[in-house]
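There are two complexes below, and they share subunit A, which is joined by subunit B in the first and by subunit C in the second.
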Partner chain A sequence: MSTEKVKEAIAKVLPDVETVICWQGGFDAIHATPCFVSSPEQIDKVIWSPLCAQNLASYLPSMKKKVGIVVKGCDSRTIVQYMQEGLIDREKVVIIGIPCTGVVSVKKILKEIGHEAVLDASFDGSGSITVRTPKGEKTLAIADVCPDKCRTCQYPTPLVYDHLAGDPITSDKPKESVYQDIREFDAKTLEERKAYWEKELDRCIRCYACRNACPMCVCQDSCIAETREPHWISQKLSLQEKFMFHMIHALHLAGRCVECGECDRVCPMDIPVSKMKKKINAEMKELFNYETGVNPDDKPPMFTFNVDEVKIKEHKL
Partner chain B sequence: MPDTGYLPKEKVKDFIRELAKDAIVHVPCLEGETVVFRPFSEDRELCLERPANTPPKSIIYPQSETLFSFEHKKDPEDHQKMSVELKVDIDAPGTVIFGARPCDARGFVIYDRVFIDTDTPDPYYKKRRENTLVVTLSCAAPFPGCFCVGVGGSPAGKEGTDAMLTEIAGGYIVEPVTEKGKAILNKPMVEDGSTRLKDAQQAQQKAHEAVKNPFAGGMPNISPELFDADPFWEQALSKCVSCGACTYLCPTCYCFNITDEQVYGKGERIRSWDACMFFHFTLEASTHNPRPTKFQRFKNRVGHKFVYYPEKYEGAIACCGCGRCIRYCPVSVDISEIVNDLGGGGKKEQQPAGSAKND
Partner chain C sequence: MRVGVFICHCGNNIAGTVDVAKVAAETRKLPGVVYATNYMYTCSEPGQEEIKQAIQKENLDRVVVAACSPRMHENTFRKTVEKAGLNRYFFEMANIREHISWIGEDKELNTNKAIEAVKMAVAKVMNDKPLYSSSFKVNKRVMVIGGGVAGMQAALDCADGGLDVVLVEKSPSIGGMMARLDKTFPTIDCSICILGPKMVDVAQHEKIKLYAYSEIEEIKGYVGNYQVKIRKKATYVDWTKCTGCGACMEKCPTRNAYDHFNFGVAPTRAINIPFPQAIPKKAKIDPTFCRQFTKGKCGVCAKICPTGAINYEMEDEIVTEDIGAIVVATGYGLFDLDKFPEYGAGRYPDVITGIQYERILNASGPTSGHILRPSDQTEPKTVVFVSCAGSRDKSLGVPYCSNFCCMYIAKQAILTKDHVPDSQSYVFYMDIRSPGKGYDEFTRRAQEDYGVKYIRGRVSRIYPKGKKMVVRGADTLLGTQVEIEADLVVLATAVISAPGAANMAEKLHISYDTFGFYVESHPKLRPVETNTSGVFLAGACQGPKDIPASVGQGSAAASKVLSLFSKDMLESDPAIAQVNINACVGCLKCVKTCPFQAIKEEVLRSGKKVAKVIETVCAGCGVCTSTCPCGAIQLQHFTDNQLLAEVNAICQS
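Right after this comes the complex of A and B.
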């Protein structure tokens, strides 16, 4: 799981593709940013570390030529889902997979360091990150500052790849833990849940970062958020309008959301928007025994219609 | 009356309560992990430790506002005749913005040139701006992505501010900037701060020196050739996801859209923020879009702030360097890096960017 192995794989793939999508250092020492490598001398700036949280697979459907891409296990589910939905041509994508033991959430690190400017950061190789700010140094366990998805990660090794940079690893997290948070949230009363979402969504500034960063949002420039005819969503900035958008976003992702957590990661207002999508996914699992992005030959349940859905009891009525 | 006040830390809330007696006081509040401006009330958790995620711009220039409501009416005598009734109600109560940062306040100066200092001032913005007192809090240190000094600002800059607070041991020095700002020195919680002004000035100087200037030559200097070179934008913005976070979080972005929303004969004309990152920005009714790609739209964002606005307003840059667009960008697009690269000169001195690696 080292940067060198990733660089070697990129060098191997590069002659065959237009560009390789990977990560490089961002504006400070705790940010990574996407990097499009199209010549060997650019490989030097490539990084691989727990900073590489962004799901780069989102760029694939807009790529016209054959490209290479570096993916973690979770990101690979996006590619599998794209294959199921016919959104990419697998022949035109060369996948460099990285077995991953967990990434970091910049938001969680910032919280721990009091939102100070970061002077430097380093990983010690044994699961912690040390961040230096003008106020001093702080060492944090990656397990404490990882995105929630890493805590229940089932697929640390990519499910689909052409080259694997490292040795495959298997998940040590119980399968039942994946929707534990949803079950806990479901246990709240309707009033509590309503109050929760009203409070959270009130902060939404309608920047649509959650939508634009979402790998599975496919309506693109015809999103209901902006169409004028029909004018689904008002320009008025009411909670109702924000609700409407987020509900439709979640519903459009029923049985499609690959739970990459990009919507949470990118929200500048720290709204836990992925929770809605995860809830619907939990229902899809329950109703159709379908898990998104794990098998390229699956068909998303909303893409098909079976008269006899075994898990829906009404079919016997 | 002294020229400088001192507000002990323990009296900050009382001071806000005092201001709230005759105005709506918007204060930065902690909500979850975010800081947002909210009208003060006792149950709010004040947060003065870091800049708000969203600037206070929407208090004076709302994200969405009704310009007027309208109703088409039939003449009861002659149904062929229609008339339109318009109702305008500019909602501009006495307001205080407490705890804005100097960059936030500077944003209002950038708007003032467009919305007030013209032959056709915008009555909505103007009325709110006039009815608002801006009390800023100078920054003691830079936050991630900040670069105010690179665009002529400062962590203790006073442009657009009515009165400025600077934190010193035990409290805040209060420096009035305008006549309107002077009035707050009369509040009973404010003591004489004249003798400690120098402490505040030292803190301000220290903060100023700590902010990095990302621009090689001190100020942005854009090469017209590079600015018009498509490959530059394609290379710099391949990663942009075209969301509106940078524009909606920006204290100086002011593009808007106007929409009529009506049901049958009755409705409202609404002005709402637009964002040049969205495909629909400048999409024409003919379906032609002069800026069909994200590259052209980002060029507009940089151009507006660093080229077109300065051309129109005597060199003033329409960016206050608050760093929010960098800090909150989903993919870490760094406008200061892009503007620096547009200078065509040497790369800026690299920070230990992304230096965190595995051993």
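Right after this comes the complex of A and C.
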């Protein structure tokens, strides 16, 4: 996990591509922000640390020329899914993979430090972050402030890459843990689940941040949440309409959500929006034995038309 | 917008359990509705006249008829409004008969539901857009799938009507089940003697192109323009050279190959011609038994063949035929003995099926027409027939009657007496079903003239006792148990759908019932049409049927094809998918999911990638519309907004 190795890789790739998409420091010490490196002198500002949470792969479908990109293991699933869906040309992407042991959630850190202004932050290399605020210093274990996806991460090393900045690492998290939260949630009664979602979704302000940050949302500005033709939902800020919007987003991601967690990360209202998508992914795994963004040669089940599916017995004969 | 609503009494069918006057009164209150009335029979001529007059008098621009299922009369009323000057798609039908009056008895609830159904139809019709069909050329060639008697009849009638016919048969010879029968009821005329000339006609007709030992691989296209891929299965014999001399069959050292034509009554050779009258009369190697394939050496047939026709390297070949209509005549299948553990499940050689007995009776069968039982090749003196072996038995999944078993049992019993005059036949039956012309007289003749003993009751068990088979059953008329020591037992096994029937239906995009029989467009009025235009049914693929009915359907299907092809151009259905290129984001999920390959990628001048629907190929199934994430692809006449209007009409009130 060293910034130097990433920089070296970028320097190597840069002559071949228009730009390299990577991270740089943000407006304070606990934020990173995406940056586009197009000349060697810009390489200096590149950083790599657990702050680099954004899924940069989201930029790829809009890139016209050949680009380089730095990805973590989880981000690489987005690229694999793009390849499956034909949304990018693999020839036009040079991938610098980083084996990653986990990133941090800014939201969780801010909660821990009581939303104080951050003066400085440092990582000690043994899995903790020390944040300095006007009220003093606080050392937090990364394991405690990481996004939920890191807790069950199965792919710490990118699944596709052209250059690997570091040595491959394997996951030490059990495979069954991935959908453990979904199974627990499913065990609740219908009323409990309904009450849960009504409480959570009622906060939604329909800012569409979750949709706009989603790497797999292909419609973006043509979203049927905002069109009149067809007019599926109105602009009314009722729970019903909010529910409908989130259902549409979840269903549009059936068998496509790469579980990058960007929707959760960007939600200003802290709604666990990724949970619905994860639930559908669990079903897709069960029904079609399909896991998104793992093998470039897979076919997403919703991209095919089969008269008979192995587990769906519509046609009994 | 001026909507007129016509509520039909359908005699008492609707008015009996729906207050139609109230429905009309409530309908008048709906926004947009300027005229609503109820009428005895809206589909009758005066009923249609009333619609036309109302359109003119009330200046209506949209029409709703609340009556029966649109499958029945949608087209009738579309024509009516068109004649009155409206676009035919400014019409909606609310089904208040099948969906409401026939299924509920509470008049008040029914009336409320009918009002809601009308509300939905009004909401839909107010969102309807005018649509116009375009016309396209018809390829006047017809394909007949299945070379049994129904398929042959359809092929001959079409060919005699001047059409080019492609006949595809999956087994090595045409003839189907009828070619296997010995005699036919109720006339006892030789089956192959009446079928043979037809088979020769098929072979010699210059308008018929026969693909024997071939199967349908893929069907693409639409009525008037189908492209069908046919798999010509490898026979390992070059049929252009084979003369059908049979020398190979004589010398083949493999004598234990399964005889599909004779239903395994006796083994055959690994290279064989199924029967003497086979068309085409060509040999075929069965690679599961042939030594050249199983052991890698033999080559006897290749050495003996006078024309050098044997080719062990032969592979399946795919050919494509362009055609305009399809007649499906894929026939039926039969239950295997293994379905009947109580009758030995096939372990007893002297318990056989009706079709096997047919082969034993047949002069070209393995016993050359002498009745010899399989176990010891002796003449049976006591023969027991068991009808409904599987048929009308819900526990075996066959609740229906197999149609022709009662008749062939009577025939086989008569033939048994003819062949073995000192024999005695018994028939266990549930009911004797003989409603055809001359059929009941025939079953009576079996009993009265040939002394066949009919026992009304079912057989509970069959077990061996020495050289005999004991048939234990009930005689429900006497109220006793009976046991008959038989030499031979013949089970009239249930008629089921042909193997692979469901698969074939999927390729054809036609419906099939839970038993695998194909579903006709209307059980009474459209018996040979399917709901896929250009695809017609003939024979037992639609349900168990005897020869006259199958032949009748073959001719009926041919006449449907001929009338379809009497036009040079056909009108396309405008209710197909359409892409809004401004909304399309070019994800092209629709291209991948379209079951008809009707959508392709198009690059606009701006460089933007969008989906494009090939109008003539689109079948209007709607898979793409549910796939499109941004709603850019919409099925015309069933757009999201039109359907949402219907939903809102009943949910937001």
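By our rule, the second predicted complex is superposed on the first by the 311 of 317 C-alpha atoms of A that agree within 3 Å, B and C clash if a C-alpha of one lies under 4 Å from a C-alpha of the other, contacts with A are read in each partner's own complex, and residues count from 1 in each chain.
The definition used in the following text is that contacts are C-beta pairs under 8 Å (C-beta built on N, C-alpha and C of every residue); 3 or more make two chains touch, one makes a residue touch a chain.
Because the structure is predicted, anything quoted here is derived from the model rather than measured.
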So, after the overlay on subunit A, do subunit B and subunit C clash or fit? They fit
The answer to whether subunit B or subunit C touches more of subunit A is B
Margin query: I'd like to know which partner A:T170 touches here: subunit B for first, subunit C for second, both or neither.
Written below: neither
Quick check on the superposed pair: does A:H231 touch subunit B, subunit C, both, or neither? Answer first, second, both or neither. both
| said: If we overlay the two complexes on their shared chain A, which of subunit B and subunit C does A:F123 touch? Say first, second, both or neither. | reply: first
* To do: Name the contact category of A:T33: first (subunit B only), second (subunit C only), both, or neither.
  => first
Practice problem: Pick one for A:G86: touches subunit B only (first), subunit C only (second), both, or neither. | Solution: second
Touch check for A:T189: first (subunit B), second (subunit C), both, or neither? neither
Of the two partner chains, subunit B (first) and subunit C (second), which one does A:Q54 touch, if any: first, second, both, or neither?
first
Least Cα-Cα separation in the three-chain superposition, subunit B to subunit C, whole Å, stands at 7
So the subunit A residues that subunit B and subunit C both touch are 220, 231
In the complex, subunit A touches subunit B at residues 1-3, 23-36, 47-49, 51, 54, 58-59, 107, 110-111, 114-125, 129, 134, 199-200, 203, 205-209, 211-213, 220-221, 226, 228, 231, 234-237, 262, 265-266, 268-270
Subunit C partner, complex, touching residues on subunit A are 85-87, 218-220, 222-224, 227, 229-232, 252, 302-305, 307, 315-317
In the complex, subunit C touches subunit A at residues 497, 501-502, 506, 512, 514, 516, 580, 583-585, 587-589, 592-595, 623, 627, 629-632, 634, 639-641, 644
Subunit A partner, complex, touching residues on subunit B are 31-34, 36, 49-50, 53-54, 62-64, 141-146, 210, 238-239, 241-245, 247-249, 257, 259, 261, 270, 272, 275, 278-280, 324, 326, 328, 330-334, 337, 351-359
